[in-house]
Structures are given as structure tokens and as C-alpha cells.
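Listed after this line are the structures, all set down as C-alpha cells.
The following pair of complexes shares a single chain, chain A, combined with chain B in the former and chain C in the latter.
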Partner chain A sequence: MYEPSAIAGLVVTAVLTAGLYALMSYGLALVYGVMKIINLAHAGTMMLSAFVVLELNHRFHLDPILGAAVSAALFLGIGMLLYVLAVRRVIGAPPIASLLLLFGVWLCAQNAAYFFWGSEDQSIVTAYTLATIPLGGVPVPVVRLIPFLASLVALGVLSWFLRSTDLGKAIRAVSQNSTAARLAGIRAERVGTIAFGIGSSLSAFAGGLLTLLFSFNPDFGHTLQLKSFAIIVLGGLESFPGVALGAVVLAAIESFSILIPGWRGSLVNLLAFSLLVAALVLLPGGIASLLERRGKTE
Partner chain B sequence: MRLWAPIALVIVLALFPVVFPAELNYLGLGFLTFIFVTLAVSWNMVGGYAGQVSFGYAAFFGTAAYVTAILWRNGWDPILTLPFAGLAAVAVALLVGLPCFRLLGPYFSIATIGIGETSRILALNLDQLTGGASGLNLPLSVPSKPWFYWSGLALAGVAVGVSAWLRASRIGLGLFALRMDQDAAESVGLNSTLYKHIAHCVSAFLVGVAAGLYVVYLSYIHPDTVFSFTLSISMVLMGVIGGVGTLWGPVLGATIYLPLQQLLLAQPNLVAVNQLIFGGLLIAIVLFEPGGLLGLLRRLAHR
Partner chain C sequence: MSHVLRAARVLPIFVLVLAACAPATAPAGGNAPTASAPTATEIKVGAVLPLTGAFSASGNYFQQAYQLATDEVNGAGGLDVGGKKLQVTLKILDDGSDTTKSRSLVEQLATQEKVNFLLGGYDTTLVQAQQGVPDQYKIPMVEGGGAASAIFTRGNKYLFGTLATIDDLGNITMDFLKYWEDQGKLPKPLKIALAWENTDHGKDYQAAVNKAAKDDPGHFQVVLDQSFDLNGSDFTPLLTQVKAANADAFLSDAHLPDFITMHRQYTQLGLKHKFVSYGARGPDQKGREALAAAADYLVAGLWWTPALTDAGSKKFTDTWKAKFNVTPDWFQALGYDTARVLYAGITKAGTLNGDEVRTALAGLEFTGALVPGNKISFDATGKPKTSFVMTQNLPNNDVAIVWPSSIDGSKPAVVPMPGTS
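Let's turn to the complex of A and B:
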């Protein structure tokens, strides 16, 4: 009933989308890992970064890919500042405090964007917006390939950073056991500052690259943020390979949903949101914990 | 607080349409404020008393609003639909609570964001039933503005009364206990899930009735307004800004939130800063005064 080439197209779409989804979820996983808080300002960061890239593109004709890099550097600083000024104060408090605080930051970011850029949809058109590269007989849009490759690079760099540098080891130590890390002489406060900065920077990088694919307005990021939550919950909340796995699962489900008879495109976000609730309730340790449990009982 | 003060407040508010019968705009504003007081007070039963901060109350509001709208279009008297709107919201609350009360703290909150958005997308796509993206026009509402004002006031009064009763009851004590330490509360034999469900259902019923009344007032319904994330957020904001977990905090929060929002939305150059004020207030309250504005007032009074 379905052509093999159509299925191949779906597989390619799923893989590319998975890269995009992973890229926008790394930052959330890093922040959760180190300070066990859910960064509700993630959507705001992605959205503001998209507007930064837009401004850089309009004023200096900077390519969105370079713009995303500049924006990532900018948000490294903004994220650290936000941590020092506000987030730091709610780390020991009941978890709901940090959730509400970062939610307030998101609301403010959203309204600041309304104030400066208005509510119209914005988009960035580049020379390669409509270009495609044939990959195994399937034409692949360049703008989908770029975030995918960026995601792979980011995963590689992050893994290397966390494994091989002193700072990366300190971040891992704090996320495994913050008290023990303190006892070993790690300044958990400073590690938190840097981790929040890197997390914001990753969100900003993702938001910047998303301008290649989507038009955006100050509400941009809300749906994507919920998808990121679904992904990191599926991935076990703090592991980067887990994020990649969660992204693949969500992207595959979304891409193949069109094979369901009577399916409508407008229902696609329903999958991510239901998956979020289902994963939270049924798989609190993520997919990996499911596999582990299976392994132990056998 | 003693009983006479709230009763006097209700009497004064109830006399307003009699003294100023021509101020129709203020009656409309009053009605909306009473609806939002009801929402905030109801939300606070779960978000405050039980400490389960939900970002998904639009799912109750929207479902109940549609129950009223659809029954009304089928020839029912709109006022008779209100209890059914409330019951529909209770049904949704049970459906949401069964899986979500297995989650704690922030995980519960995140799941409810997912629930709220899921319900909105479902409503947009069930266009046979809901009118989808074009909404539904309803018969022009019959009652007069003072009537809406008085029914809104009555509903808000009932909500505050129920909230006060719940707070003083055995259930309220159970909710406070599980908010402070769920494991400790359960270890002394408290069925925390049951208590959360009770608070959730009571609060959903009141939200549902408020939603029905709101739809009768507007005579128009659209999935993006009655299921909107902004609506869910507004309940969180009113509760937290006013003073989460207190009886009068959400009342204070709503009487500040709604009129201020209407004022800002009416000014073209201030529309953009509408949520900025509340977002900023939320940040300030989390950082400096977790008791909300009511906590701040109390602190100033004790000085």
C-alpha cells in the first residue's frame, strides 16, 4: 500500500527531526542533571535567540548559522547572570519555587519580545532555504540537514567536554551527588553557574538554528519546549545519549503517525504531549530504566 | 477572620448595581472579576492547600464551557446547564488526577501543562462538536448585566465559603499535612491520593460552574479562549501573587489581576507589558515574599 521510497522518506524525515529535537533538549537535560530543576525559561531562551539571530541577519546580514553561534555565546553570559541573580536563591527551596521563578522569566521574555518585535510572524530566508541534497534517492532539504549535523557535533563536543575536561568532570560529579562533590572540594555554586550558562547557551543555539526551518513570534517555543520535556523524560532526564534516544523515539512516532488511517496533521502535537504525560507516569526513569528492568528480570 | 467582615463585604458589593444602575461597564468588570475570584480560589484548593501546582486547569474550564454551550444550543435553559458543566469538569478532573497524582511536585506541574495543551488540540480538532477553529456562536444571552453581576458575586461567595470550610475541615488538615511532607503524612495513615482527588474534584466543580456562567455571559465560545494556556497561567498567577495556600490570598490576587489586565489590554501601547507585570511580580514573590501580597501586607501590619 505504501511505496518503499515513501517509507524511506519517512525514515529520513524522522532521523533529521530527531537531530533537531535532540539539539533543543540537551540544555534542559544538562540543567536538570546539575541542579535538578526544570528550566521553564527554555522556551523563552529559544524564542529570544531566534529574534537575536533575526536582528543580526537584518542589521549585519549575518548568516543564521553564524548568528546562532553568536547568540549561543551571548546567552552563555545571560544564563550565568540569571543564575547568579535569581536561580541560585531557589536551588535549596521546594522544587516548585524554581519552576515558578523560571516560568516568570519566560513570561517576561515573551512580553519583552512582544514589546520590541510585535506579535507578527517573522522568518529568515537564506540562499539555501529551498535547496535540497539527494541522499539515497530521497531529496533532503539543506535546512533540515544543518540542525541535524549541528546536533551530532554538539553531542560529540558535550560528551568530550563532560568526559575529559576538569570542569566537565566537576559538572558530572555535582549532578551525581552534589554533597559528595562539595566534600571533595568542588565549588558546586560555581559549577551550577557555568552549567546554567551552558544550558542556556545550548537552548539559544537550538533556537537560533530553528529560524532556518520555522517562522517565529514571541509565542515561539511553547510547543517545542513541551516536546523537549517529553524527550528528556523519555531519556531519563539527565543523560545525553538518553536525550538522543528520546528524540529518535518522538521523531519516529511523529513521522510515522501519518500512516494511521484518518490521521490529521493538526493532531501531531498531541502525540508529544500524551507521550510526555505517559512517560512521566509510566517510565519515570526513562526508556533506559525499562531496558535495565527487563535485563534484571530475565 | 470573623464572619461579619466577609458578609458586610458581600452586602456592599451586592448593593452596587442598586446604587449605580447605569454603570454597565463596571457591572461587566465586576462579573468577570467574580468569575476569576472563583477560579483563583478553586485553583488554590489544589495548588495551595495540597501544594500541587497545576498548569492545566483550562482543561476543566474548557470542557465545562463546551458542555454549557452545546446543551444551550440544543434548547436547554443555559442556567440549568451549569451543574452539568460542573460535573463534566469533575469527570475531567478525575481523568487527569488518576494518572497525574502519582507524580510529585514539579513533575505533576509539567504533566498538567501537557494535559492542558492536549485538551486544547483535541477541542480544535473535534470540530463537529466544538466548531473547531471557527468557534460557536450561541444564542444572545437573556439575563441582564446586574443579574450576571449578582450571580458572579454569589458564585464567588460560595467558592470562598467552600474554601474556608475545606481549610478548616479534616480534609484541609490532611491536605496541609501532605503538602508539608507527603511521606510523613502517609506514614500516619493518611490516604494522600484520596485527599488530593477530593480537593481536585471540589475545585473542578466550582471552576466548571464559573466556566458555564462565563460562556452564557459571552454568548460565544472558541477552543483557543476557553482551553488557552493563558487561562491556566492566570490561575497560577492569581494564586501565587495573592498568597498561595491562604484563604484570602487568591481573592486578593484575582481582584488585582483581572481589572489590571483589562485596563492594560484596553491601552494599545500597554498591551505588550500586560504579562510583563505579572511575570515580574511572580519572580519577585518567589524570591522575596513566598507568602504573596497577602504575606507582604501581614508583614507590614505586624511592623
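Let's turn to the complex of A and C:
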């Protein structure tokens, strides 16, 4: 039997994990929302960003949080360049073209990382790696709190940016109807370039912060990317609050699964992918569409 | 329609990009032979190793070790085969850490390169992919990179392993715990929380711990038996179960990334047990860097360690440091032993005939090995009759050999963990 403090610990774990999952899914959702393509290079961006943060830490003793910010800025440019050079050529083509292209980019990133850094596991240790903050008797690891807070900030900034700035409104317009946006004078190509850059930047920021929690190698990010897919499908593909809710659902299911009698911990990924299939079949518009329908009914 | 045409234009380009980015299969090793049939003046030995991809670090260690053992043989004038000295040529191919490619490249060595003998790959999954080929072509293979006992349950006659299997890691850990219980340093019976990765590797460990508990309930009681997936992102739920189990000892079998993540979270949750072991993980330098003082006093079971003080191990460590400028780990030592075992088997047979060398290997007792006990021999399945050495991390990045007590330089372990008595 679990004591109340253990259950409270699971609640905290679920919330913190949800923040982590949401943070690594925003970039994927933004790119899908604007371009209607699944960014299979997402894991590659997170992995490369982790190595960028490692280099910044080793060479300049830069804290991984600052390193993640620098890497995010770097990948804003890299993402835009990738869009201009390659991705824009497959926008509007059958989905297989963009999937293959971005899968190829992922493989290139992985092989480049093997070439430059080898296959050994790398990790970054900071003064706060093992530190915790007590919260109502539950020890909250600082390195899990940081991605959670970053996720809240990212959600707030993204929501403000999309709602209140001209560029954000243009991104929303292209996301809703690309043709109508063009007719209204919006330069959809330019918007796409910036959106892909921002999406890559968000992925890089997440990847950089993940170095606080995990060791990594060029294979890093596979499982996390698959979880991101489950989350954005569950959340409704284009809605950031939906993504955050999707992350909460997945994290809560994973954390509380141990309460199921006879549960095997190795089945936890099965849960995530079952959720992906269930969401695709039963809730194709995700949680966001459910909330929208409920709002209209009320 | 225009979309289709655009896609048709773009796709071939990216197929080319994908092809260009795929890991290359390149011959490696300093003595690449020609593709001609073996002559009476040489012995052709082939190996397929992961020189690129996920296991490339370990694959390269094995390559260096195979080469070192081969260079030593050739430097001494060649391998004695029936009174005649023959040079050994080593052909190593890169499987890119890909199981499918690994098997087909071993077949290529057998059919196109016409090698006389094979050395195995690394890790368990790649060895399992390769293991059918030796019997198919009746070419003996000695491997030191696969640790799952399942490798030796498939009836292969031409496959011999030098790496003690993970069930034996579980066994020696339980022997160690029993000793300390009998010394009054650990509670009897010892309540164990067991977490194992869901692979053949982890299942071996789980089976050994559970068997010991079943056979000796007076000493052991497993109060939690839980699995986890490789490369997990969050072990907090599992560790919550560990905490709720109220165990005396925490035993986990994990690969390095999971060991780092799990033990960081273990420490963050404030868990403490009288004994903690992550199987073969603990003294790894990467792990110690990532965990700092949290890795102190962890106990690990290893196939070899540079902390061993026997003459062979000392000489090997010095040779390796001089040649490669790094301290060797068990990968290099096992690679070196693996090649030397094959060469000893060939010399014992006195011929290059595959059947006769297989028979010689089956009855071989190789002395002068680096592994604990300094002997390597095989049971009827080709599984090695070797064991582990247990080490304990000490403060200031120190490592002590703590079991078996018969090993030179062995010291009593710090049991229970400081701060838990």
C-alpha cells in the first residue's frame, strides 16, 4: 500500500513530467500547425542541441540553462535555413515526401553526431543536478522543476506571440487557411520559414534542457519523439493548450500506472503508443476539439 | 497532380541523401587481406564489429584488442599450427551497429573472404544476430561481447563465449550478500527490491535473484520484482514502488544511460538502502562523472577491471596504456582474451580444419587469461566457465575489489552503506 506522501509524490511527478513532455512537443505542434508536416527531424534537433549545450558547457563552462537558450537561438537560424534549402520544396506535396526528407535530415544529424562525438554516453553535471526543494514533504528535484517552469513560460510566450503580434497573427492565418492568407497579402513562404525556425528553436531549447536530466548519445530522443507524437495527436495537433493537456494526460497515466495491480513497468511505452492509436481512432481532433465542441454547446 | 510531380522530382534527391547518410560498411584493421583463398602461410580470421553507430565505442575497443592479440602472435613469428608458424591476417568489417547487416557481413566473411575462423561482435543483440552463421558454415567463432545466457540455449556447436553470462552476475551478487548476512552486517533474511531492464540481459539477472530467493528463503526475500524499459525518461514511479517496498537492498540491472538517470532520481528522492547495486554498472568513469559522490559505495559485478593486481592484468594494463594512452576497461580485456582463446584453440588442434579446432576449443582450458581466476573453459553449450569480480566505488573516484575474497588485492566491502545502519 502507498502512503499519502507517496501518492502526493506521484502527483508532483506527473505534473513535472507533463511540463517536460509539453516543452518537447510545442515545436512539433507549431510546425504541424503551419505547414501540416510531421517534423521527423525533431529528435535529431533535440539531440544536436544537447551536444551544442555539452560543448558550451565544456569549453566555456556555460550553465545548461543558458546553453539551451544559446542553442535555441542557433537553431532558429538553422531551422530557417533548412526550410529555405529543403523543406519548402515539399510543402503541399504528399506527406511521404516531407516524412522522407525530414527522416533523412534526422539520419544525417545522427551520423554527423557519431562522427564528431562518437557513441559514448555524455552527461552534464551542475551544482544543482542532485538538489531538491521540499514541497509539502515531497522532494522536488530542481532539474525537473526547470523544464516544467520553462514549459509554462514557453506556453505563455507562445500564446501571447500568436495572439498579439502581427507575425503571430500571420502564422495563425497561414495555419488556418494558407490560400486565404496569401489572398489577404500574407507572405506565406516567409511565415513558413519563420515558423519552422521557431519550431526548431523550441525543439533545441527542449533538447538543451533535457541535458539536465538525462545522459545522451547520438541515438538520443527516439522514445521522447514518439511520446511527443502521442501528445500532439492527443492535444489536437495545432493547439498549444491542447498539447499541454495531452502532456498532462500522458504523464498522469504513466505515473499512476504503478497503482494497477500486477503492473509491469516495462509496459509504460505501450501505454503511450496505445494512447496515440486510441486518440487517432476515437478523437481525431484531440482534446482541443473536444473542448471546442463543449464550448459551442455551452 | 502538381504535388505528385513535385514529389517525384524531390524524392529521388532525398533517397540519395538517405543513402549518403547511412553508416558506411568499411573494411577496417591494419592487415586487410586479399580475397584469395587461405594459403598454407596464413590463417584468415574475420570479425564483424560495430565500428560506427550506437555501439561504436565498444566496437572500436574490441577491434583494438583483437589487433593487439594478433600483432603479438605475428610479432612472435606467427601462430604454431602443427609445428609450423603461420601468420594471422585479421579482416574486420563494420556492421554499423545494425543486426541485419551484422549477420550478412559474417556470411560474407565465410563465403567470399573464406576466413578460417571468426571472432565475435559486440553487444548481445549483435552476437545473437551473428550466432547462426558459424554452425551454418562450420567455422568456429569465439565471442566476448554477448552476455545473455540465451545465446547458449540455441544448440550452436561452433560458438564459444568468453563473457560470463548475466545469470552468473546475479549468482555472485547473491553469494556476496549471503556472506555479509552471515557476518551480521546485513539483515537476515534480506528484503530485496529488484528492478530489471526488459531484455534478455535483465531477465537473466531477474531469474538468478529470484532463484536464490526461492532456494534460500532464510537469506533472501524479494519484496519487489519490477521491470523497466531501456532508455526510460522517468523512473520516479518505479522508485516510488521501491520506496513503498521498504526493502533492505536495491538491486537493479541497467545499461549506463538508465543507470545514470535512475540513480540520479534515486538520490533526489532521498532513497537509502543498506546495499545498492546496478549489476555491471558502477565504476564506469562516465557514470561516476555524472553522479559524483552519489555513486560512492555502489557495488558492481565486472568481467574484468584494471584494479586487478595479478601479473597478467597488470602487464595488460601497462601495455594498453603505453599503446593507446588510456586505461583499458573490461571491453578491451575481454577482446584480448577472446582472440587469444581462439589462437590457443587453433594451436591445440594443430590444424586449420574447422571441425578439429571446434573440438579443441570445446576441451580447451586456457590459462593465463585476464578474467578473474585467469582460466577460460567452456561447458557443453559453449558458455564460458568464468566468473565476475565485484568492486565497490569508494570516495575520491577510487575503486576496490571486494569479492571474491580469494582474489589478490581484495578488501572487505563497506557494508552496509554509510548512513543506513
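Methods note: the second predicted complex is superposed on the first by the 287 of 298 C-alpha atoms of A that agree within 3 Å, B and C clash if a C-alpha of one lies under 4 Å from a C-alpha of the other, contacts with A are read in each partner's own complex, and residues count from 1 in each chain.
The criterion applied here is as follows: contacts are C-beta pairs under 8 Å (C-beta built on N, C-alpha and C of every residue); 3 or more make two chains touch, one makes a residue touch a chain.
Only a predicted model underlies this, so the values are computations on that prediction, with no experimental measurement involved.
**Q** Have a look at chain B and chain C on chain A after the superposition and call it: clash or fit.
**A** clash
**Q** Kindly classify A:107 by the partners it touches after superposition: chain B alone (first), chain C alone (second), both, or neither?
**A** A:107 contacts both chain B and chain C.
**Q** Of the partners chain B and chain C, which touch A:25 in the superposed model: first, second, both, neither?
**A** Once the two structures are laid over each other on A, A:25 reaches no partner at all.
**Q** Looking only at contacts as defined up top, I'd like to know whether chain B or chain C touches more of chain A.
**A** Of chain B and chain C, C contacts more residues of chain A.
**Q** Between chain B and chain C, whom does A:273 touch in the aligned arrangement: first, second, both, or neither?
**A** Touch status of A:273: first partner only.
**Q** Quick check on the superposed pair: does A:229 touch chain B, chain C, both, or neither? Answer first, second, both or neither.
**A** In the superposition, A:229 contacts chain B only.
**Q** Is A:92 in contact with chain B, with chain C, with both, or with neither (first, second, both, neither)?
**A** second
**Q** After lining up the shared chain so the two structures overlap, which partner does A:151 touch, if you call chain B first and chain C second: first, second, both or neither?
**A** neither
**Q** So, A:265: does it touch chain B (first), chain C (second), both, or neither?
**A** second
**Q** Do chain B and chain C land on any of the same chain A residues, and which?
**A** The answer is residues 89-90, 94, 96-97, 100-101, 103-104, 107-108, 111, 114, 222-223, 264, 266, 269 of chain A.
**Q** For chain A, which residues count as touching chain B in their complex?
**A** 37-38, 86, 89-90, 94-101, 103-108, 110-112, 114-115, 222-223, 226, 229-230, 264, 266-267, 269-270, 273-274, 276-277, 280-281, 284
**Q** Okay, in this complex, where on chain A does chain C touch?
**A** 1-3, 6, 9-10, 13, 17, 20, 89-90, 92-94, 96-97, 100-101, 103-104, 107-108, 111, 114, 118-123, 125, 129-130, 132, 139, 141, 143-144, 213-219, 222-224, 227, 254-258, 264-266, 268-269
**Q** Considering the complex alone, what residue numbers of chain C touch chain A?
**A** 3-4, 6-7, 10-11, 14-15, 17-18, 21-23, 52-57, 97, 195, 197-198, 226-229, 231-234, 236-238, 240-241, 243-244, 256-257, 260-261, 264-265, 267-270, 286, 289-292, 294
**Q** Along chain B, where are the residues that touch chain A in the complex?
**A** So the residues of chain B touching chain A come out as 51, 53, 99-100, 102-103, 105-107, 109-111, 113-115, 117-118, 121-122, 124-125, 229, 233, 236, 240, 271-276, 278-283, 286-287, 290.
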